[in-house]
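Please find the structures below.
Two complexes come next, and they have one chain in common, chain A, joined by chain B in the first and chain C in the second.
After this line comes the complex of A and B, so read on.
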């Protein structure tokens, strides 16, 4: 079987090493004066080309009612749906028969931030938040209890809406 | 010792200290400059946190390197392993000793110190550490020594990647030493002298050699790139194949030493190109600077020299962040099959031209320079445009195959 040699005839500009070099040098020189894309993080958290998405799923937040109590009715759906098994819920009941959470803890280390808890919640109580600065000095601090979840103030995630996939 | 000799020794010591400190600070600044410029070329900002505009970043890095653990491999040749970084660093510093950085400075003093005796100096002091009568030859001799540092570092590490890096470095530097040597033969031919002050003086009388020896200038710059192991010729380092080549096993300040050596090489290389081809400390369009020495003259010419050097440092960085690395056979082909024959032919043509110009009585001045410039322009056109279309630069990748 004969070996076929394919000779590619490229235009002169692509072939010449010298011209390619000069072109490249001109390009890199031009980049010196372009607008820089670096965002200087601690001082600058968003700019006109980028800001954090409203669909961001960060650390949780529990919404509260007018009296400042957690909206949660301790139905038990969120620990049920949680794939990482990071929600600990002990339900309680007051004398009027209203259910409320005695203990509600989320281990943010175990959490995979899927957002199922927000999706499944019938009372729109537990939410994942648009928030990413979670540093702590101790590991224990990453288990958020009910009080801490209620005290969060950052905006909550809008999650992904199948009827509006591009978020318009 | 006579008082004059003592005055000379004192001045030399002061110059050594000043040049050394300026070089060290310069190296730090060049490292910062390289990082900032490379960042800008990639639309980033680069280090801008430590000190104003990040100027002190290199200081922080230096402190970090001093604090790091200094690892010496068990199989390594301890002595050579320790000596190698210094060996690569010292030649780069030494070269600077013979480069005149400014117009001579008038220094007159006559004082007596109780134990040491009388110190006398009068008249202009050359602004270089050593006004050696062998100038350029000294630079070539010392320049070739810097390969030892890299080869010994590669060999003593007892690591195959380091060894390969060292071998490549030696092959590359020995090859380009030839091209480097031939490419400034033109300078010696025109200046008629090997001392750098004379070369600078000759450029003040006629034209800068970048115009009279354009082709020689380009080839000198390219071989200078290869000599300093900068991209596109940094084959001793090649991360993709050799980890980091000869300094793979180095850590802590020894590693930083190689970096300092590289950047010192860049500074001296740039200063050398500026001296040989851009008129050194000459201020263009005026002959004021070559008259009687004054302090103001020295300072102004120093500023001009710094600007020229800085320009070439920038070009070094610019090239590094634009061009990809050569393959090793391409590198050798460029050195031996392209640069060497071209340079030999160039020396021949240049010699003939100088002979012809001499016989019609032109040996300096503007028409002399213009004639040489025209000759060079034609040669540059022939070499880089006519030959390039046949892709001589690319080596054997291009073959005319009958269809």
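After this line comes the complex of A and C, so read on.
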């Protein structure tokens, strides 16, 4: 079967790219004078215009009591509930004979940031933090010990409340 | 049993027939219903003080306590009726008025009956939010026991145990009403040999073990049925392990041996299971020095050492070794004129638990003396040590070789030491084979009543250590005198075939409560 070639002739105005290009350029240049939407991270960090959610689940923080001691009583629920098995806890006693963690370590590399540890904690001691800058030079530094967890100062997550899904 | 009059009753729609005189609570267990209870314990006299087991019995105007009400023909019992549930909820509410909410730091959490029943039947909220809870400081009852009065629900199990089972009544309920607490005689401590059982009996975290304090949470523990090696009584125990470390021993009920109890010596007899200084690889003597090797070399060397025949052989075995180990060691030296011996530590006097006939911490501090004797081993260690000189083969299994010199073993050219740790004298052996300890292997022991009892592996053996039955089975295979053994019950089956005392027994028919050798003979 022979091939039939049909040549279509269109008006000059329709095939010229010049107009479309100019139109596109106009749009692009127009954006230069509009309000910027990109945040210049890391030079610029969260401000009034953009804030990290209070429900964000980042690296952990251990809250302390009035004397600056960890609130943790080493009950063992967080290592139990942890789906990533990233919490190491060895219970012991403090000077007054109270139950207290001798070793409390969280491997932030293994952590999946589910927030279960915060949810299960009966003493409201361990929290996931509203925090996202965790860079380190060594892998070992990602195992946070009790001292480091207590020294964190960033705000803590409010988690998601099913009875108040929008956080109001 | 068969001629005992049976009573048929209905519990929660399930019909059960039980002997006359049984309590409703026990009958309900047979119907598969657990009636919540605190003060009742099958090993103690009935008190009926906790009121937790209130149930409805059709035809009676008021609720009855299941623990002290005897069954009657045609009774219809409702355990989860509205009225009973409401009553038990109220009982729990009363118990919680002063009970602290310190479950996160309480050692009992996870195995606490108050936790369980409140979760099951209690109120989800409190009506005493404004009420300040009573507080009393923790008291040291002496020995291994701490008393936390705040958590006490006054079930009086501990009081009844000390009074009727230990028969040393040093505990009582002091004060009255809501001020009541468990008091101890001012001049006494809880240092009775069997006093540690009050910790197990306590349904809440009120009486706690100092040894176990803050050590582990109940839900982290794995429980393995085992048999205590502390003395020849052979109490049934559970080894509670947490990531391959034995952290405590608790009694495992066996009506024929120890009922529900173990002594404090047995309770603390676990640290040796976690020893760190273990032999982790087979060691072979090269120029008078022991050097690590692999199992292939070690086994062929063992076979070479054992391959001779004629002459004399000496087997020194620990009286805590399993029957399987003793039997295979005996089979290994069958071609020789063998001296089979063990030694056993004996102390003065037994410490009985007065309320349970036939239960005591025995003077003979080894678990398998009866098994060793049945297999032809003699309690004549010194003569066996004398016999080492000039013997063509010496096999030592798990004995610490105290009083035996290194030179004695060096002189005996073919000396094999099979053990968990390396005593100095064992360095004179031509070959050292690392084996698992009692917590790390399956096996059987025979107690002083001839009861053959199984124990199971609770933790893994360190390094290349293997169970004794496996090691000896492989040596026999190298010698062409048997097949590889894949499990301890295969070793046991070989023994049941060859040894008259064990005939008719197998792991399957031993169960976890064991059987006596005489029972087995009757049934064959």
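Going forward, the second predicted complex is superposed on the first by the 130 of 168 C-alpha atoms of A that agree within 3 Å, B and C clash if a C-alpha of one lies under 4 Å from a C-alpha of the other, contacts with A are read in each partner's own complex, and residues count from 1 in each chain.
Throughout what follows, contacts are C-beta pairs under 8 Å (C-beta built on N, C-alpha and C of every residue); 3 or more make two chains touch, one makes a residue touch a chain.
As the structure is a prediction and not an experimental result, all values here were calculated from the model.
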First (chain B), second (chain C), both or neither touched by A:38: first
Touched partner set for A:139, first chain B, second chain C, both or neither: neither
Chain B versus chain C as contact partner of A:17, first or second or both or neither: first
Chain A: partner with more touched residues, chain B or chain C: B
First (chain B), second (chain C), both or neither touched by A:77: second
Chain B versus chain C as contact partner of A:122, first or second or both or neither: second
Chain B versus chain C as contact partner of A:99, first or second or both or neither: second
Intersection of chain A interface sets (partners chain B, chain C): none
Residue ranges of chain B touching chain A (in the complex, touch as defined): 37, 40-45, 318-319, 321-323, 384-385, 388-389, 391, 393-394, 398, 401, 403
Residue ranges of chain C in contact with chain A within the complex: 103-105, 109, 213-215, 217, 219-220
Partner chain B, residues of chain A touching it in the complex: 5, 7, 12, 15-19, 21, 24-25, 27-29, 31-32, 34-38, 40
Contact set on chain A toward chain C in their complex: 73-77, 80, 91-93, 98-99, 122-123
